[in-house]
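One structure coming up, written as structure tokens, with questions to follow.
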Amino acid sequence: MKPKQCNGKVLSNIKILDNIYEMKLTGDFQGNPGQFYMLRSWDKEPFLSRPLSICNIEGNLLTFLYEVKGKGTDIFSKLREGNVLNLLGPLGTGFPLNNEGKIGVVAGGIGIAPMIYLCKSLKNDIDFYGGFREKPFYMDTIGKNVNKLYISTDSGKEGYNGFITDIFNPEEYSVVYTCGPMPMMSKVKNICEEKNVPLYISMEKRMACGVGACLGCSIKTTSGIRRVCKDGPVFRGEEIIFHD
Amino acid sequence: MKPKQCNGKVLSNIKILDNIYEMKLTGDFQGNPGQFYMLRSWDKEPFLSRPLSICNIEGNLLTFLYEVKGKGTDIFSKLREGNVLNLLGPLGTGFPLNNEGKIGVVAGGIGIAPMIYLCKSLKNDIDFYGGFREKPFYMDTIGKNVNKLYISTDSGKEGYNGFITDIFNPEEYSVVYTCGPMPMMSKVKNICEEKNVPLYISMEKRMACGVGACLGCSIKTTSGIRRVCKDGPVFRGEEIIFHD
Amino acid sequence: MTSVEMFGIKFKNPVITASGTFTRDYEDFFPLSKLGGICTKGLTLNEKEGNSGVRIHETTGGLLNSIGLQNPGVDRYISKELPHMEKYDTVIIANVGGSTMEEYVRTVEKLNNTNIHIIELNISCPNVKEGGMAFGIKSDIAFKVVSEVKKVCKKPLIVKLSPNAENILDMAYKCCEAGADGLSLVNTFSGMAIDIKNRKPVFDNTIAGLSGPCIKPIALRMVYEVSRIVNVPIIGIGGIVDYKDALEYIMAGALAVQVGSGNFMKPDICLDIINGIEEFMEKENIKSLEEIRGIARRY
Amino acid sequence: MTSVEMFGIKFKNPVITASGTFTRDYEDFFPLSKLGGICTKGLTLNEKEGNSGVRIHETTGGLLNSIGLQNPGVDRYISKELPHMEKYDTVIIANVGGSTMEEYVRTVEKLNNTNIHIIELNISCPNVKEGGMAFGIKSDIAFKVVSEVKKVCKKPLIVKLSPNAENILDMAYKCCEAGADGLSLVNTFSGMAIDIKNRKPVFDNTIAGLSGPCIKPIALRMVYEVSRIVNVPIIGIGGIVDYKDALEYIMAGALAVQVGSGNFMKPDICLDIINGIEEFMEKENIKSLEEIRGIARRY
């Protein structure tokens, strides 16, 4: 799928929880789970576009799930129905969808965003592990083929009180996919390696171009220096080097 | 009247003609004819606020009449009902309102903006001379005490075909007020000086602070270097030196 | 909590308004005594009318200015303006401009007998054609002018550095050697703009001074580098528009900061910055700015 | 109409993509043959992994980068990447980086035997710790490296100047004396940022390179000044994001321009700039860019 420049028109942009928002755009979109778009709804300031993962695509509807972190996401959160954004995408290399057997998905916080689309696109049986700080969110959207749903919260308000990796056991799965905070993903990697279960990790790094040109998002992997925006964001677990 | 920072909420923002807009704000406003506000409806970019003259104040309603010239006024033109602007004002020294006798007002193009409020505030009989490029606009708002209304257009589409200064004769007036393009005001000054009629000129210069601190708006006058934003924008005719 | 001290002079907080960007005209918007300090417009021996033509041109993230040191001259400033400034309970810094060595010396001599707390020597104004610029560019020339001024100066002497200096480290070092009690940096960057419609430079003077958030990364780098090699107090200047910017300068090694163009965005921006610093200190449990001053230099 | 010529090489238009900001990856978004030229990422003799840690940090009106010359090395570039680049009907400029005189010379020698049209010598990358920087700062050192490279270089040689040069005029002059066939300016400005939460510099390397619209007024001033004193073609670089910016550089004396960070805003921004220049020329009845090149220098 060749990426392209396109416009998206805000259909809805609603607060899900605290500073978590769901934005639905109408337009002509495509993309696979794990791919992302570079977005901007401004002219020259801020200077750079912001990468957001595809959280869902249905027909001409593209959904993003995002957390307000700084300037750019704050501007996004203020968009209203009818506002128009510039998009560039779909970008990057997503999750492989051709695995057999039962699949484990481990997501932390806003890291659930790409996993929603992933769960909807996979034909396999899925166990979903979602780790949250205060309260789980958006879990009603993960799709029908999710078998078991494990939830943890740091607060203990819902589900297991602690880290999701405490209750994650990869032994039943033919493959595991993960996206979330680095410490979580690092732990998932260790657990999967111990049990010899193949793992795919979705990485995050600050981006300028998003298309593979600037080398701003390079990371050192076991297979050399790779660009998160083009060679990733999804990498095989054994490629990723975490510095804990 | 001490200037202050305040907010204005857009009540309406409508296109009057081509790139001429009228914006009405609600808030707590004050000010005299010839005074202006520094406006911004953005965070850091563009960096500077934009000066606009008070076109009218009625109760809690402040009207601006503006022409879209560049970045800032373009952003203004896109504001919608309910949007909020930051204002600083009222700033500067306006027109003296305590003159006796019949008054002549000569305005060119968007230079009519402060003259609307002026005409509404004066108690005197007023003759209004309005020069326009293509078509006159906003002339229905100049108020009831305008005696005669002279219109000229460069296009010849309405009124006298030519410059307003061709048909302006100051002899009947005890004082003349003018605002508009420099060449027009320079001509008005010559005409008034010839006939020995006192003149007040509203000047324009790029501003940074708007409050008298940066000296960015200084002009050389017969009474020394003066700041358009604080000592003006209204100056006595004999002070102004035009470089034709 | 936010207070800092320089030359035995106490500043309520580290936020000072920068020369040429702030006057009493701002008192309509907030009590000026809340400021750490106020720095005057560049004063010269004689009155200056400043430059002709356009004086302000907005750029992305800042502005170019070509004011040209317009000021009433030091005598009139002392007699007419200073009495008003003295009413405020804040530190007053006199910024001194000039185009010859002698002019600097004589202007400073006049300020010796006033209640001004500190003198800031502007050896770097890019907007005066006759000269002045070279002082800020070549460190040997700067050394001479600072030495001469130091001989007569009875107030603490801060030298304000130009980012256009050929070698900012050498410049800083030489100014200190010549007797500077403190350094402030940076002044505006030499820049220009062209009016493509009229096919000529926007400014009558062609070159103007760039300031605002656009210059912050460069200015911060200079403060960081200079603060590693000198032992005098440093005032960080350049593109500060919020408390985070101010804290970056402090962590880079600045004792205080000056806010210039930011005042044009919001007349009481300095208050926001002061409050922001205070809140940050509370949240991070910082008792004195000394705890974080220059902390980023460890790396 | 928009075409320009340098060293007998014809450029369809004066818009070239700047080194390190543009690769074939952009061909998804527009036909690259529309470009005046493409400049490669800085090539070094051996492969370079680039810098660790954060590599990109957004600032007001631009960004800081600390890529650290990541590249596959000149040999692999020539064998693996160049064949793809040659498909495009546009001028290819090889940007050469290095940290020793010998490295520059040997890299250039390898490029001599390729179809690359022009070599751009980057004597100014601020992101390599071992050195390289001094070449771009001291004009005497630049003179040496340019002289050595010139001796072996069989392609037209453009020297890319650093805005961090102590004296940009002297630098330009010396590079021309040493044999530069053309000059391009500017590279990124040395800048930095501090992470106040973690109280340390954002970049592992502390210093990074500033680019984008924020630097335009300074870069434009340098192009203007340099173009007044040298006779070789000049490529203007720094903060160009629309056709008006490009025309400012041309009116300041540039023969062509390079667009860097602007590509990150909009992948086909160069097309917009090319079209904008064309429309401007039509509207203003300009037959050739020569008519307006350097026109603002009259003042």
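A, B, C and D are the chain letters, set down in written order, and residue numbers restart from 1 in every chain.
Quick note on the criterion: contacts are C-beta pairs under 8 Å (C-beta built on N, C-alpha and C of every residue); 3 or more make two chains touch, one makes a residue touch a chain.
Please read these numbers as outputs of a predicted model, since none were measured by experiment.
Within the contact network of the assembly, the step distance from chain A to chain B comes to 1.
Set against the C-alpha centre of chain B, every other chain centre is closer than that of A. Note on chain placement: the centre of chain B and the centre of chain C lie 36 Å apart, centres being C-alpha means. In whole angstrom, the spacing between the mean C-alpha positions of chain B and chain D is 47. Those residues of chain B in touch with two or more other chains are numbered 44-45. The set of chain D residues that touch two or more partner chains comprises 59-62, 212-213. Partner chain C is touched in their complex by these residues of chain B: 2-5, 40, 44-49, 86, 88, 205-218, 220, 225, 230.
Within the complex, the chain B residues that touch chain A are 44-45.
Looking at the complex, you find that chain D touches chain C at residues 59-62, 64, 166-167, 189-194, 196, 199-201, 206-208, 210, 212-218, 220-221, 224, 239, 244, 247-248, 251-252, 280, 292, 295-296, 298-299.
Residue ranges of chain D in contact with chain A, taken from their complex: 20-23, 25-26, 28-29, 41, 49-50, 52, 54-63, 65, 67, 70, 212-213, 241, 261, 263-268.
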